[in-house]
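Letters A, B and C name the chains as they come in the text, with residue numbers starting at 1 for each one.
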Amino acid sequence: MKNMRGFMHAVCAVILVAALAAVPGCGKKTELILATTTSTQDSGLLDVLLPEFQKKTGIMVKTIAVGSGQAMAMGERGEADVLLVHSPDAEKKFMEGGFGSSYKLVMHNDFIMVGPADDPAKLKGEKSSIEAFKKLAASGAMFMSRGDKSGTHSKELKLWKDAKIDPEKQKWYQSTSLGMGDTLKVASEKKAYTLADRGTYLALKKNLGLEILVEGDEALKNIYHVISINAGKFPKVNKDGAEKFVDFIVSKEVQETIGKFGVDKYGSPLFFPDALKK
Amino acid sequence: MDLILEGVQKAFALIVSLDSEVMEVVLLTLQISGSATFISLFLGMSTGTVIALNDFRGKRFVVSIINTGMGLPPVVVGLFVAILLWRSGPLGFLGILYTPVAMVIAQAIIATPIIAGITLAAMQNLPDKLRLQILALGATRAQMVRLLMKEARLPLLAAVMAGFGGVVSEIGASIMVGGNIKGYTRVLTTATVGETGRGNFDTAIALGIILLVLAFIINYFLTSVQQRERN
Amino acid sequence: MTHKPLLELRGLVVRRGAATVLDLDELALREGEIMALIGPNGAGKTTLLHSILGLIPVDRGSILFKGESIAEYAYRHLYRRRFAMVFQEPLLFSSSVYGNIVSGLKIRGISRNEVKKRAAEEMRRFAISHLADRQSRALSGGEAQRTSLARAFAVRPEVLLLDEPFASLDAITRESITRDLERAIRETGTSVIIATHDRDEALRLADRISVMQGGKIIQTGPPAQVMERPASEFVAGFVGTETILAGEVKTLLNGTFTVMVQGFEVELAGEACRGEYVTFCVKPESIVISRNSRGSMSARNRFRGRVTRITALRPYTRVHLDCGFPLTAWITPHSVREMNIAEGDSVEASFKATAVHVIRRGARRDS
């Protein structure tokens, strides 16, 4: 038992040192909370951009990857400093509510409709997303919705609305309440259709039994904006850091990086930079 | 099936090569869950011991609360801690949401009742008369508590392991108050979920295997101590 | 042996809820004395020992150790460190025999060399040196209780409290441990209070016996006195006076009187009033059994009876008789063989008037 006690002391000491090391300076100005969508996080884009930003400014970005809806809810409470989201209608309301300060276009990727290879609803080749949704509803083939108030989800709801279909409570319409990757996997397992962002689909493609059926429609564009939170409303917000991040992400250099991201891995870019177009 | 085999293969490669990203996650996990367990050890053991050794009004009620606390859903803990730590919350001024500190706090809240509950049971399982015998040997109160803890050392060790096991494998609270920030609050469980979401199944499997190995090491250590005690 | 008491209890009252579990007028232990507390379960023996050590709260009264009250000690553990206590269960720690024996010394912060020396000494005294490294859970009941005793002696207590230490041991083990304990007490000159419900143990070890019943001490005195002159029927029964009879005083003689017991006249030595009801005990070892009447015997009380049961009770054999009233005799196994008596045989029992102890009802005799 004596060896045992020595060992326990050693363990305690190690844990204590580790605990102290784990406690960082809770510096306010050197941290920035970025609330963003799972798609930017899961694509790996942020893993490329954020170290660059930290190197430049010394600010550590804490990314909280949630749906666009939750990201904006965080912004509305001042729990985040900057948002990178893709839900234009909700963004408009957000800005009107005075929660945001800077609001800039960053990039876009596009949504695609994916489904099983045998394509029971015969969507392949359809150019219009709205027509595709109508066909889908008519065929009764299963559709997986994110159902999580994410940007993708709100885009999907908008498409249903434009197609004048109320999918709720339909037998073929199911909701996962999961992220994009998980929803794709569920759809693949259940041989269902779903609406996905191209980046996530490409990243997961090799493990999915799903094919791209509808793409290229203007209505399927997924536009990302960066919003810095209004520091006048929430004094705890890191205004300085947020503005630096906005400037950073729309800078020429970063926009070029975005345009190249994913080419080496998937053969095509996942995001298309838009900030310098206008 | 291919996916799993491929994943396992790649996972081993990542582990054997001490992949820096994987190691970072492992180290953070040990730091955060270790600190949380360490804090719970003090809080849980002292609470459990005090309750076990004293008779007071409402003891039954307190014991029931602790036993309920042993099964606290981590997500609920995460939610409450997050609400408290929001910038707009009562403890917002601390500015520790989405930091390892917040995770340590949440995990300590999860582990403390587990350790307290097992400590309580272990101390109550000792024969009543042992307390009298220890006092009769001339022990001070502090010496008595120390000797009783020494007598209950095996279940107490189990309490520590259960506490650590509970927090190292939980995800709900960690992701809510930590945010799964790479290199900062990304631990084995949150990283496993994250990597799965990104389609990096090999990394996810590697992290899963490490979590299993960690659990195995803990249990092996526990069991070997128990066996040695028995012989 | 000095006459100044080492430990003095006065007016001690302990209540548990509404019940009074201990109510003592006075009890004193002299230095070097061995006192046995005997009484049935629930008589308050354990409660008394616990209150001496300050392990339970006392409702009233005082406990003085060398004239100093427990209450005067700033720290109770400092008071307790002058004592040692052994319980019915060995209550060993889950460590080695050595680890257990030194536990009291470690608590006292005694130097390493002294600890080793004392442990070796006590292990030798209780014949457990060969078990030093054995884990406590691997010990037999006897070995465990020896370890517990060694642990108690190691702290060199001024008073040793023993609470039925041998109650859960088999007879052979008990005998050998009792012998070692007796020697240990003699060698160290320790003052002892031992609670027991084993009369033989008390007789063997004690200088003085206190009989407890219902939280009270009902008789205190040297063993021979308590045995031969029990203060009440209860004491008589408990100390093992086998035959207790009662009857009305019939005739008064010079120094003796006769009592009618279920139609038989028994002659007793002592004082009594006519018509008084008395209880008396016939000492079993004083009863003589013979196959035929032996006129030469000086015994006044002779009764013919039938042997109802014969049981061995080392070193005697116990013979139960039915003489119209029950009578129990202790005779040597040798006599049993010589007379060749068996259950159902008719024999004559005789005893002297002086072989009887009379308990006058209502009278209470403390010594």
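Going forward, contacts are C-beta pairs under 8 Å (C-beta built on N, C-alpha and C of every residue); 3 or more make two chains touch, one makes a residue touch a chain.
The shown structure was predicted, so the numbers you read here are calculated from the model rather than taken from an experiment.
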### Query
Any idea which chain sits dead centre by C-alpha averages?
B
### Message
Need the most distant chain from subunit B, centre defined as the mean of C-alpha atoms.
### Response
C
### Summary
Cα centre of subunit B to Cα centre of subunit C, whole Å, reads 55
### Task
Round to the nearest whole Å and give the separation of the Cα centres of subunit A and subunit B.
32
### Message
Based only on mean CA positions, could you tell me how far subunit A sits from subunit C in angstrom?
### Response
86
### Task
Can you tell me which residues of subunit B touch two or more of the remaining chains?
none
### Query
On subunit C, where are the residues touching two or more other chains?
none
### Query
Which bits of subunit C are touching subunit B when the two form their complex?
50, 53, 55, 75, 77-78, 80-81, 83-85, 87, 89, 91, 93-94, 103-104, 107-108, 151, 155, 161
### Query
subunit A touches which residues of subunit B in the complex?
3, 28, 30-32, 34-35, 37-39, 86-88, 92, 94-101, 104, 179-182, 184-185, 194, 196-199, 201, 225
### Query
Can you list the subunit B residues touching subunit C in their complex?
127, 129-130, 132-133, 135-140, 143, 147, 150-151, 229
### Message
Touching residues of subunit A toward subunit B in the complex: what are they?
### Response
4, 12, 14-16, 18-19, 21-24, 26, 28, 31, 33, 38, 41-44, 47, 60, 62-65, 77-79, 179-182, 200, 203-204, 206-207, 234, 236-237
